[in-house]
Each structure stands twice: as structure tokens, then as C-alpha cells.
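What follows is chain A paired twice: with chain B in the first complex and chain C in the second.
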Partner chain A sequence: MKLKPVLAASAIALIAASVPAQEKSAADGIAEYRKMLEDGNPAELFEAKGEALWKRKRGPKNASMEACDLGKGPGVVKGAFVELPRWFADTNKVQDLESRLLTCMERLQGLDPKTVTDERFGRGEQANMEGLVAWISAESRGMKMNLPTSHPEEKRLYELGKRAFYFRGGTHDFSCASCHGEDGKRIRLQDLPNLTHNPGNGVGFAAWPAYRVSSGELWSMQRRLNDCFRQQRFPFPGYASEVTIALASFMGINAKGAESIAPSIKR
Partner chain B sequence: MPDPMRIRAQVTGDKATVRVLMAHEMETGQRKDAAGKPIPAWFIQEVSATHNGKPVLAAQWGPSVSKNPFLQFVVKGAKAGDKIAISWKDNRGETRTDEAVVS
Partner chain C sequence: MKTSITLACGAVLLAACASLPSPAELDQQAQAMMKASFRDQGIAKVDRIQQDLGQSACSSDKPPSDAVSKQVEKEAMATIQPPSDGRYLGDWKRGEALAQNGRGMTWTDASIETKANGGNCYNCHQIDKKEISFGTIGPSLWNYGKLRGVLNPDDPAAKPIVDYTWGKLWNSKAYSACSNMPRFGHAKLLDEGQLKDIMALLLDPKSPVNQ
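For the complex of A and B:
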């Protein structure tokens, strides 16, 4: 019986030794590049816009978003982000940040959610949404992901998200798990976080929303997921639809205890 | 009106490091839209900085500067409480000026 752990340990050592040194330096290079960019992360510009939008009176009801309840009581922003998605009593639904903001925009300001959900990413009300998620996530920067899991709906969404995560389909027979189900995988030079367990501080779920340098845009989790569906050659999910919230619940609950660095900066 | 800049100015010794993030599309004029029509050039052409009202930097920029540009420079002799103001003007004639206090 004692032999087994020794064998396992030596096998791990062999694997570690066979990993080429070059691979590590490429990942290090990317990390260094991100570090350099962090100093002037343009996500700050979106944060400033979002904070102003939160306080500005808009819509048919000429109201601000300041009375919006993100889960910690009306108007409480700090710490709200690391506990989303969660179940809300007033809508009797599990909502992520974006879908919750849609509820507040509709109820407080009288704005039609369709002005967001039917809009293309980066334009009009979608651009406003990006500002809001940037600012709200920044208010919880450095805090640990801590999604509530006690409500039956939260449990149901987690299980639904898990199913969606492992669901294979499309022309390439892909699932989320095809890319995000193992440690140490890459796409080109980007490390792919393993989202089946806690990927760690500031990685995976704890890194979004993020500013994409290559496109000069701020991507919310909704947009991140939308693009994952595109890469899988799946039909695009509806904005703030149940499957997107379920996937966010699955990833968020898995990431419990990870430090949120959102909005971060990506290549 | 253009979106505000983010300006941070911090003293280290006898100088202050100023870091500026500007919100701008910085279109080169070389790109085409989905319909195949060229997207008109739209970029910042002039940038200037003042320290307590005295000019300390003047720059001419072109279309090769990135979207949402980041600018960093050092002002000698700047002390905590001093005012740093940054202005830009783009090729459409739009301008934006923001001010920060050195800390």
C-alpha cells in the first residue's frame, strides 16, 4: 500500500520535467505584458462612465439607478458583484449583474430592457451597460467570490449551468469543457482557465468584466459567454437569458474564495 | 461632449509622474465598415499639459496612436497640491480638458 504514493509522486516529477521550458516563458511573457498594461487599464474610463450613469437621472421616470438593489440592499454597490448571480425575492429569479441591472432600469427608470437586449454589443444602451458593469465590479475589486447557494433556485441554476458546461454539440462537437475542463491548456498563447474547479485568484470568472486591448472594448460576462458560444459554433444565447446566468452561477460558485480583479485587462 | 480623462499625478522626490488615460476612438481612416465604406479618420491631433497654468508639454499626435491612449510623463519641480491640466483637440475640432491635483 505504501508504494502507491511514491509511484504517483515520481510520475508527477517525470511529467513536470518533460514540460518544455519554452512554454513557461511564453506564459510568463504574457503575464509581464498584462502587468505593464495594468498601470493604464482603460477599463478605468468605463468605470468613470458607469459611475456617472448610476447617478444620472434618466428614462421616462427620470430616476437614477441609486435605489437599485443588487442583492445587498437598495443602493449598496460595494461587495455586491462578488455575490452575483444570486436569487432575488422581488423577481423570484436568479439574476446575474446584467439581468439585475435590466430589472432596475425597467422598474426604476422605466426604460425598456429591449433597448439593451436587442442592441449590438458596444453600441447605444449596450455601451451604457458596459460602463455600469465596469464600475460595479470595480467597487468589489480585491474581494473574494462568495456566491450564495442556499436557495433552491440557486442550486437549480448551478446544476443547469453544469449541464450546459458539459453539453457537447454544434459542428465541432464542442462543449465548454472541451477547452476549460483541464489544467494547463492554451489557445494560441493564452492560458485557458480550468473552470470545473476554482481556477484561482483573478483568473477565469474572477477576471471578468475585462478590457480587451485587441478590440478596445470592455467585455461583460454576458459578452464573454456570447463569444464562447460563437467559438463553439453554437447559436448565440439571448442576452441575459437563463443559460447564460446558469453558466455564470456554475463558474461563480466554483470560484468561491477567488479574489476578483475585475475589471481586468486582456490582450 | 467627449468622455472625461483619468489623470493621476504622484510625487516622487523632486518630480511628479503624471499618468493620463484618454477616452477616444482614434480612428485611422484606413478601416472600412461592414458595408465596405471607409470609416472617416477621427483622432487626437494636439495634446498639451500645464503645471499650475504653465505649459510643460505640447505634442502633435497622428492616427497611429492607439484607441483610448495612455500618456505618461514626468514634471520636474512639481509638489503635492499643484495642479496639472491636460487638454486634447481632435481632427473634428472637439476638445476636452481635465485637471488633477498632484498627490
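For the complex of A and C:
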């Protein structure tokens, strides 16, 4: 695991050396590097762990997650991911995949959601969550994002997410829109998807969760948003807090029709 | 208040709540959501989401009214402090290092002191053409001084450009209310000496930017 970033770095160096040092070639080199990575996406390891966790009896109630309703009925996993976040009658809340899994862990298995929400990313129950989101998202791989919008709460969360997306603050006056509000922009050489509309198949919302080569970890959408806010110089968003659900609703509904490639692989 | 209304909508009055809250109510709910969703972490405290006039005026997909924009720009202009010794240019080499440095002010950074911060310039701008890894959110700054005819930054003829560039770095909102650029001087992201070094990178005729 420790070797991965080193391997990645040398792969970049190889490509960088093999192409002329021009702007376009550098971007092409990165695209080539990403293509190479797709041949062996270590996210598969997380998917296998997640499937096992879904079926394993755990917690005070010694129950599996197999009766969990992700929106398409108890136990239906295929196709659920591309319709989240959505409104759930039993909680009367719009929930993303991770907040919904918290509900199922609590109700079915008797696990305290705090064991997830208060844990650091990549550790303990957070690491279990990474496996679950990897497997559940993989079960919808190749399907198109299609979040429901008929419930008033779904419409309301979209509107709140839109406001959060454009909310400027912090030491640097950044909002999500500072980087993700226009087409064709970059930070350094990193292309920035415009998340105010469908940015294309497997781009932006339709690419997460993802395996991060640089850290050797599986990043959920919650973690992706968390690190965006860190770079935005904002304070720390609570895990599964309302702003994260609202933003996921905004991005997910905007991405309607985009093919999901999650869990994808990122540098 | 808002929360209880929302709960009532969801639980009891579904039919009566088939339509959205008004835009003003949604604005209030969004403010409450922002307040409730974040916590302090390291140097990044929750007071960072208390918006000033410019931040709240530029928090929409639509620009603010002309009157509000003018007010934001006027207030920003009044914050600009010229260098204490009257000298605007430092060392372009240190300026290049600052332009390359994208660190500072996140919750994983240890200190809010200016010396812990970079300028983040290449994240958004092309500057020296030799650096191919540059962002495109801001305009290219290649040949910044040369294109503006700055042959000698001390020449009175160069003064308007020197003043503007200093002001833009100190508080970008003085010239454009909703500029994407941070307010490096006003927000205490960079100190006077660091700003002078970035000034030199942009305006010193010897800087690689102006070759």
C-alpha cells in the first residue's frame, strides 16, 4: 500500500519525460496516465470488502445490512446509487448514500452512528463505510444518474444545495462556484468539472466514490466534499451534515443523464 | 422557527406543502444550514462562514445590483494600504517562490501567520511561461509589466499601473466586487514584504515574466 504513491509518481515522471513539455501534451500525458491506471483499479479490493460487510451479521442486534432500503426497496442495491440523494419516508429526510447507511446501521444492526461520524476518515467504522460505498456504487456502474425530484423535500434540498454551492466565505472568499461554476477551467493542470450542469459521463458527481492513487485510499463523496471545503479554507463540515446532503442533491440532480463510473480511479 | 415549520410540512401537512418555501425563506434556511453544518477544526474556525457585505452579495448565480457592487468596491478601495516606506517592489525570485506556493489557511495548516502562507498564484494564473502547470481561472499574467509599458517601475509614468497592481493584490474587490481573487493584503494572507515580492515578479523589468 505504502508503495502506491511512489509508483504513481514514477509513472507521472515517465510520461512527463516521454512527451514534449507543452501545455497540451502535459494534459494528454495525465489523461494517458489515468487510462493506464484504469486497467487495475484497486477500488475492487474495497468493493469486495463492502459486499462482505453488507452480508455480515454485526452490531448489538447481530444483523446484516441486507434488509437496508436504499430507495428501491429493502435489499435492492442495483441502481440505488444513481438515484441518491433522495427522500425517505421512514426518516422524512433527504439522504445521501452515507447518511442512509448510517440509518440502516443504527436501525438494523444497533450500531451507534457516532462510531462513524466521530471517526477519522480511513479508520475504524469509517474504513468500513468506504467499503460499503465502493460496493454499492459499483453495483450501479454504467447506469445514468437519475435522482428523483418529485418530492417537495427533494426540491427544497436542491435549492439549499444551490445556495451552499454559491456561498462565499472563508479567508480566501471562495465558494464551490469559484472553481466549479464555469466550463473549461483548471487549477494548475487539474481540469475542473462545471458542476452547475451535467459535466459529462463519469465526470464530477458521476466519478465519486473514487480510489485515490496519491493516498492509496477509497474516498467517498462525503470525504471528497470534506477536502473541497478544506481547500476552500472553510471550517470542518460535519459528516453527513445537512450542507453535504444539500450539495450532493444539487450536484446529483444537475448531473442527470451522466453515466456513473464510480468507484473510479483518481491520481 | 424555520425548522419547526419544515418538520410540520413533512410530517403533517404534506398536501399543503407541495410547493417550495419562498426564495426568502429558502435563503434563511440556507443560512441556518451553513451555521449548523460546520465546526471548528484547527485554525479554521466557524467564524469563517460569517459573511461580510461583499461575500454575501456575491453568493448567488446572479451578480449583485450595480448599486451594491459599487458599494462593495468603494468599501474595498478604502481598505487598501500603500507600503509603509513608499517602495512597491521587492525581490522577484522570492515572488516566484510565493507564486508557486499554494499553501496556507486550511485546517491542516498549523499557523495563520502570513509567513506560513503562499500566494497560490499559479493555481489560477499563467505567470512565467516556463511553468507549464498553471490554472486558468484568472487571466494570464505573462509579460504583465511589459504589456503595460512598465520599463521603469519608479518612473511616474508607471505609477497608475503600480498603484493598481498593489491595490488588486491588497483587495481585489476594489476593482471588481465579485472578483474570484482573494484579498491578500486585506485578509492578512500575505504581508507587505510578501506583496512587494509578488509585485516585483509582475513588474520588475528583470523578472522572467517580462522577458
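In this section, the second predicted complex is superposed on the first by the 243 of 267 C-alpha atoms of A that agree within 3 Å, B and C clash if a C-alpha of one lies under 4 Å from a C-alpha of the other, contacts with A are read in each partner's own complex, and residues count from 1 in each chain.
Operating definition for what follows: a contact is a pair of C-beta atoms (placed from the backbone, for glycine too) under 8 Å apart; a residue touches a chain by one contact, two chains touch by 3 or more.
Because the structure is predicted, anything quoted here is derived from the model rather than measured.
Peer 1: Clash or fit: how do chain B and chain C relate after the overlay on chain A?
Peer 2: fit
Peer 1: Now for A:216: first (chain B), second (chain C), both, or neither, which partner does it touch?
Peer 2: first
Peer 1: If you stack the two complexes on chain A, which partner ends up touching A:44: first (chain B), second (chain C), both, or neither?
Peer 2: A:44 contacts chain B only, not chain C.
Peer 1: Figure out whether A:177 sits in contact with chain B (first) or chain C (second), or with both, or with neither.
Peer 2: The answer is second: A:177 touches chain C but not chain B.
Peer 1: In the superposed model, does chain B or chain C contact more residues of chain A?
Peer 2: C
Peer 1: Now for A:196: first (chain B), second (chain C), both, or neither, which partner does it touch?
Peer 2: Touch status of A:196: second partner only.
Peer 1: Figure out whether A:114 sits in contact with chain B (first) or chain C (second), or with both, or with neither.
Peer 2: Neither partner.
Peer 1: Going by the contact rule set out at the top, does A:167 touch chain B (first), chain C (second), both, or neither?
Peer 2: Touch partner of A:167: chain C, not chain B.
Peer 1: Closest pair of CA atoms, one in chain B and one in chain C, after superposing: how far apart in Å?
Peer 2: 12
Peer 1: Which residues of chain A are in contact with chain B in one complex and with chain C in the other?
Peer 2: none
Peer 1: Which stretch or stretches of chain A touch chain C in the complex?
Peer 2: Against chain C, chain A makes touches at 21-23, 26, 92, 152-153, 155-156, 159-160, 162-164, 166-175, 177-179, 181, 184-189, 196, 229-231, 233-238, 241-244, 246.
Peer 1: What residues of chain C sit close enough to touch chain A in their complex?
Peer 2: 6-7, 9-11, 14, 17-21, 26-27, 29-30, 33-34, 36-41, 44-46, 48-51, 54-56, 58-61, 105-108, 120, 122-124, 132-137, 173, 180, 182-183, 187, 189
Peer 1: Applying the document's contact rule, which stretches of chain A touch chain B when the two form their complex?
Peer 2: Where chain A meets chain B, its residues are 39-40, 42, 44-45, 48-49, 216.
Peer 1: Under the stated contact criterion, what part of chain B meets chain A in this complex?
Peer 2: Per the stated touch rule, the residues are 3-4, 6, 19, 21, 23, 66-68, 70, 72.
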